[in-house]
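Right after this note come the structures.
Below, chain A partners chain B and then partners chain C, in two separate complexes.
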Partner chain A sequence: MPVTSPHAEPTALQFQRRRVMALAARATLDELRGALAALEAPDAVDLRPIETGLVMLRGRTGGDGAPFNVGEATVTRATVRLPSGEVGFAYLLGRDAARARAAAILDAMAQRIGPKTIADGALAGVRDRLAAEDATAAARAAATKVDFFTMVRGED
Partner chain B sequence: MYVAVKGGEKAIDNAHRLLASTRRGDPAVPAIGVDQIDGQLGIAVARVMAEGSLYDRRIAALAIKQARGDLIEAIFLVRAYRTTLPRFGYSQPLDTDAMFIARRISATYKDLPGGQVLGPTFDYTHRLIDFALETDADAPEAPAESNEQPAPAPHVTALLDGEGLIERNPAPAVDAVVGDLTREPLSFPADRDLRLQNLARGDEGFLLALGYSTQRGFGRTHPFVGEVRFGEVEVEFFAEELGFAVPLGRIEVTECEMVTQFRGGAGAPPQFTRGYGLVFGQSERKAMSMALVDRALRTREFGEDIDAPAQDEEFVLSHSDNVQATGFVEHLKLPHYVDFQAELGLIRTLRAEHAARRAPDAAEPAERREAAE
Partner chain C sequence: MRDTKMADLSTPTSILSPGLPEAVREAQSVFRSLMMALARPGTVRRIAVPVQSPGNLSPAATAIALALCDFETPIWLDEDLSSDEAILRYLRFHTGAPVTPDRGKAHFAFVSSGTQMIDFDAFSPGTLEYPDRSATLVVPVDELEEGRGWRLTGPGIASESRLLAGPLHPGFVTALAENRLLFPRGIDVVFVSGDRIAALPRTTAVEV
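Right, the complex of A and B next:
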């Protein structure tokens, strides 16, 4: 059982790869396929079978204390290799094998042509959609913000 | 004791066919879709995910459909499903401070950084049946939007902690192994990590009743809701082959921080204590109940007496799991014929002995008969 995971800060390249992965994790299958088509991504081979499994999700006692296990989530992973040799990985919440495979090819492409190019190029539409959705959700929450007034209680 | 029986295959098959048809209901009425359950019965989906201990909205929605809306049956289905999947590992701890907040309220501070955000809540509704929902006119107006810039919303207890008025959360020990009840059976005494895991998947009704009991005086902690927040958090998983934490997507969670009565002693000034709840999905009642029971169970830490059910960790943790509970209660309806035959034999023997003692001509010594009377 892994006890703690390394907490080393990601390198600049890893940071950008994570950005691509974060967008891919929330992209639809059509969006991922559209991005691959835009990149003219070649076909890739599966280095291991696409697999759905579980990740145990952890919380922290009190929000910031010692970790504990809250419950599991389904996660699907894929590992692919491009003809040019780059190996791409994907881990996505859920059970969608096709999305995981497309996301893994995208990660391999990110290593070939640079993750920033993809995050702000082929995935720019996804980035903008997600930002708009987050903004709408935040605006709707903000409209329910209240100011409570404390009333002075009578003595009799 | 349940003893295996043979036979009845045909009747069982037919019962299952009848169940499938009953589940479907009137074929003239459109079948309910998994998307509809996920989208419109989201609180039921949240409960099945939390107590099924598996975050997968579609699996939970499908289980609710298959179980005809029996949520404990659906939770059972989800628990069974998870046993078919391999475990990839453990996530990085969720960062609830960085939550994309849909709702966040505090009962302790009226004005706080980030504000009081009501979000989609039943609070302040009048609990009147809305007959409009019965018709096709169920098309609510679009939610209002405010262009106010969202301000950071730090945890409320951090405000108290800034003044040293509340106990610190236990720091993560560097090499501590995080207990996992899906790997090792529960044993007592149980540490707080195991207790929280047990409560996070525990039955909402059971925890609600226990939390309520502490409010009524059975293990009183004088709680305040420091904060309840609901929204999305990012999940990250450290992938060995990559060497960095991979973002997996977002999930919805509800978190509750209870601020509870003081502790302190010769060596330390009095401080508020804490109870904590964290649950999948929008599940405020469960998160609050969990936080109340978490605090009640911390008796050993604070040298408190155990004199109420909610403080007794063996009682609480052994009975919180509704899949175990329903299994043991409902197994009583399975054939117990052999066991019952033994009981029948025993009661006949006892009655025969009783009758023999009562009979006036029984060949018993006179003094024993007198003693029996």
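Right, the complex of A and C next:
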């Protein structure tokens, strides 16, 4: 397995796998279970018990400045293995062990049948719901938009 | 549509098996077995936790690694063990411990057999200020029995105890004797056989 820097540009495959996990992170338990049922996902083994803990979130001033610690967030992680050997990982915000486990199985399935198949197949409903919600939020914000323009003052 | 085969993601070359299902309780149980084995040299104890050991790492050796190794304890593996991808994957995933090729840096050393000559001097015996910074050597044996074999004396043993461990390289007992002279420095040896362990701390004198 080649070791790549976490800051390297993701490959197309990694990009798609991240998309699956980005969707899984915001999906409800019912949506995740529905996706697994649609994929006919097999029973998975827990490689380590599902755990809830804290992770330190880091930020950068202005998005690209000096890194600093924003604060800690509660996450629940699950690691599962499919009978065929794929290992799936999920770290989800919050304390919901069932959601973390379902997301981890989805990650393992993504490695088995391809992440794009899942992001645009079993998770298409989640993708569309999130896109609609984001569009609504953006539209609400856009309605309050004010255009400022200033006269050129000559000096400066 | 199927994506292309994921060579750059975690393609399983060997199937990873689960670690301890109840890590805290079971690691404590392994720790206690090991502590008692070191406190009473020559006694054989059973490690009573369910482990699915990878490759030809013994269940007891696996349990010791799961209970005691983490990111702060570099592990050294002999050529046999370190060439097994299943063992490397297992230790990396479940313990997070770095596997080092440098024996002198290792806190724990696992070998595949005691019949090869093990160079005790290559491992860290700790320092006079910090004798605890020494290596622990885990040696698998086929036979491990108390009550017969070597005569052991030293701290933790009322008069004498007997331990049979083998097969081992003929130079092993000499190496143990030289190791004892380094006290308070020196390495500690743990014998494992299946799910049983016995230990020879650096203080124990061994007579054949």
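Following the convention adopted for this analysis, the second predicted complex is superposed on the first by the 138 of 156 C-alpha atoms of A that agree within 3 Å, B and C clash if a C-alpha of one lies under 4 Å from a C-alpha of the other, contacts with A are read in each partner's own complex, and residues count from 1 in each chain.
By our rule, a residue touches a chain if its C-beta (ideal position, glycine included) is under 8 Å from a C-beta of that chain, and two chains touch if they have at least 3 such contacts.
Quick caveat, the model's predicted, so the values are computed rather than measured.
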Using the superposition on chain A, decide if chain B and chain C clash or fit. fit
Give one of first, second, both or neither to describe whether A:28 is in contact with chain B, with chain C, with both, or with none. neither
Which touches a greater number of chain A residues, chain B or chain C? B
A:45 contacts which: chain B (first), chain C (second), both, neither? second
Would you check which partner chain A:73 touches, where first means chain B only, second means chain C only, and both and neither mean what they say? first
Taking the superposition as given, does A:138 touch the first partner, chain B, the second, chain C, both, or neither? first
Look at A:116 in the shared chain and tell me whether it touches chain B only, chain C only, both, or neither; answer first, second, both or neither. second
In the overlaid three-chain picture, which partner chain does A:62 touch, first (chain B) or second (chain C), both, or neither? first
Looking at chain B versus chain C in the superposed three-chain picture, what is their shortest Cα distance in Å? 7
Contact residues common to both interfaces of chain A (with chain B and with chain C): 1-2, 4, 14, 17
Give every residue of chain A touching chain B within the complex, in rising order. 1-6, 8, 10, 14, 17-18, 21-22, 25-26, 51-75, 77, 79, 89, 91-95, 134, 136-148, 150
Quick one: in the complex, what on chain C touches chain A? 1-4, 6, 8-12, 15-19, 21-23, 93-94
The answer for chain B against chain A in the complex is residues 49-50, 53-56, 58-59, 82, 85-94, 96-97, 100-103, 110-111, 115-119, 143-148, 150, 155, 157, 168-183, 192-194, 196-197, 200-201, 234-235, 237-239, 241-251, 253, 255, 257, 274, 276, 278-280
Note which residues of chain A are touching chain C in the complex, please. 1-2, 4, 11, 13-14, 16-17, 45-49, 81, 85-87, 111, 113-117
